[in-house]
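Can you read through this structure? Questions will come right after.
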């Protein structure tokens, strides 16, 4: 600071120096603000909800009078969400992994085509989940499928497929190119190559892709709104409707009864904890590659 | 060596994360001459040149010790405005990096910083410096086009003109021809020979023949150290160290 | 495999086509101009004017961009140009977590934190009165939701600018700040515009969080303290009745189609700009 005041500095430069200091300050504040907002979000959710989280709540389905503040819990929503999240992630993974491998082995020499695929996936990733929901609903009517766990899983899988493929794809892209050539030289056919070597090489990326997709699937509300229905029971088959945490929060929060609202806050705490755990896990798996690109 | 020394570097060392990139450098650079810094790549030539311009300031991981005297004034340990120090030197880098603006504004950029804002004066100065870099005839009809529309060779001359426009006393050029075709390279080399009447030129290169064509004075570096410095004649014909001889024969690279 | 790939490439067309097909009966009966421009929304008497919803969406999205844009640009400059590397390392998990928080959680946060803030603090400050369920609340929540997304793109963009360009400017005697203002920012400008475009399209389609705090009143908003009723909220709120009123399902599908088209246009434009920009800067 003293340095800038020395008489060697012209007046114009001094003004510039203060201007820079001023902007550096507000830039710092901008970054700080972002970090503080995150803390504020987590803190508000926990403050509202932690008090209502109880063992009873986690282990019971809604009983009679639940929606008037009587007994019961949100086990139906927790289990429903897990079913939906796991089902959609599994479906997206088994359909997405081959695509990502395909893009980076057979298709790799055709750069323009690969880029077109990436571009399309990024576009798909930009489509709002409510549009997926509406589209899924239109499809269900056309095919005569009822609102059910299965319909929800399919729509969610569609929703997360682009990010699943792109996240794995980024990992494969970052894998050393010499590896592919070396394996070819050893005489591996392309399918052996892709499924064993590349998969093992990119395991951390694949795990991250799975976690990321699972986080998306379990947290999305707009697409399941149309497709899963809502029920107090835990579904026992794919054809039955199901509850989910996001919708449980959404519906119960619109209730005028304080006890029901409190359950919504408690469910929000549970969902937040799940998401935080996923974030931490994927941070552990992510290495220095593959960072921001996958979120485009 | 009775020539005036424009730049003197004394006991300069530079560390990055505990790794010593420049080791106790002591060199003198004569005024109005072309001084060539020679050495295999990775030996620290670029870093030495950047420290003369205090561009090392923007790499927080770099720690510099020692003194660099320009006109007998230490530029490393000073309260003086770093922008004033840098204005004394024009920089030409390995590849041309035209500023993201028009050809005209690339030259006017430095002039405006120095407070010259009058339109007709700017017009005149822009023309003058473009002529000095032998670019005027090629671009006079398209001054408002983005600088990125020029060929690489033209861009490098634009960067030279841009550097000259802040009226420096020293030109620092870091392998300025390495991205250019032979004809553009030749034009730049010719320009340097013209310019040395008025400027002190420091040129980094790893092309021996280029060094031989241009140098008045040579500094030879190896692995972060200055191995030898001497007038060009002496350096090329009577190298003093074994490493220099090996390098001149082409067995180090 | 190839078939699956072709199906995926065709997916955007399929979605658009599916929505168009479902909204066809509405489009058959009403002129497109009337649907988009009319402000009369009376499904029971067969009047479907989408203007209040489109305008609400625009309000919420633009205000959110007005909040998120400067914060992201400032923070991106700070993180890439000034902050020590460790700060960037700390910020990365922060933006990751922000990006991962589900929409409905943002909605809950909006209700417990932002709505009261708007009704008790911000509105009185501006001499307005509101329940808090307003365009502004929606915009603030939305801004926080798109910040991690936009910020990550901006960081990539600033990082892709070669340091030699800064060195060139500094060597001409420009100060660090002057260089950032007139060289770095100008170089990044197309990228910044695209990043904001992507943020905009992301904000445009966001549903549950906005729905929870924006009030959902079918009016044309005349200020940020008034409630609004954005398109996604319309669709999400009324899917239940949509089969019981004639044409209503078709109208909601048309709403989704409008959303789809707008989001696609912004996405395409922004992504193509980024791709071109990357080519130029190489």
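Every chain is named by a letter (A, B and C) in the order it is written, and numbering of its residues begins at 1.
Here is the rule we use: a contact is a pair of C-beta atoms (placed from the backbone, for glycine too) under 8 Å apart; a residue touches a chain by one contact, two chains touch by 3 or more.
Because the structure is predicted, anything quoted here is derived from the model rather than measured.
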| item | value |
| --- | --- |
| Farthest chain relative to chain C (centres taken as mean CA coordinates) | B |
| Pair sharing more residue contacts (C-beta pairs) when A-B is set against B-C | B-C |
| Gap in Å, rounded to a whole number, between the CA centres of chain C and chain A | 18 |
| Chain A and chain B: spacing of chain centres that average the CA atoms, whole Å | 51 |
| Distance between the centres, which are taken as Cα means, of chain C and chain B, whole angstrom | 47 |
| Residues within chain B bordering two or more other chains | 83-84 |
| Of all residues in chain A, the ones touching two or more other chains | 13 |
| Sequence positions of chain C contacting 2 or more other chains | 175-176, 178 |
| Contacting residues of chain C [partner chain B, same complex] | 84, 162-176, 178, 182-183, 186-187, 280 |
| Contacting residues of chain B [partner chain C, same complex] | 50, 53, 55, 58, 60, 83-84, 86-87, 89-91, 93-95, 97, 99-101, 109-110, 113-114, 148, 159, 162-163, 165-166, 172 |
| List of chain B residues in touch with chain A within their complex | 79-81, 83-84, 115 |
| Chain C - residues contacting chain A, complex | 1, 4-5, 8-9, 11-12, 15, 18-19, 21-22, 70-72, 74-75, 77-79, 82-83, 87, 90-109, 111-113, 144, 147-149, 151-153, 155-156, 175-178, 198, 201-202, 204-208, 212, 232, 235-236, 239, 252-253, 256, 259-260, 263-264, 267-268, 271, 275 |
| Contacting residues of chain A [partner chain B, same complex] | 3, 6, 8-10, 12-13 |
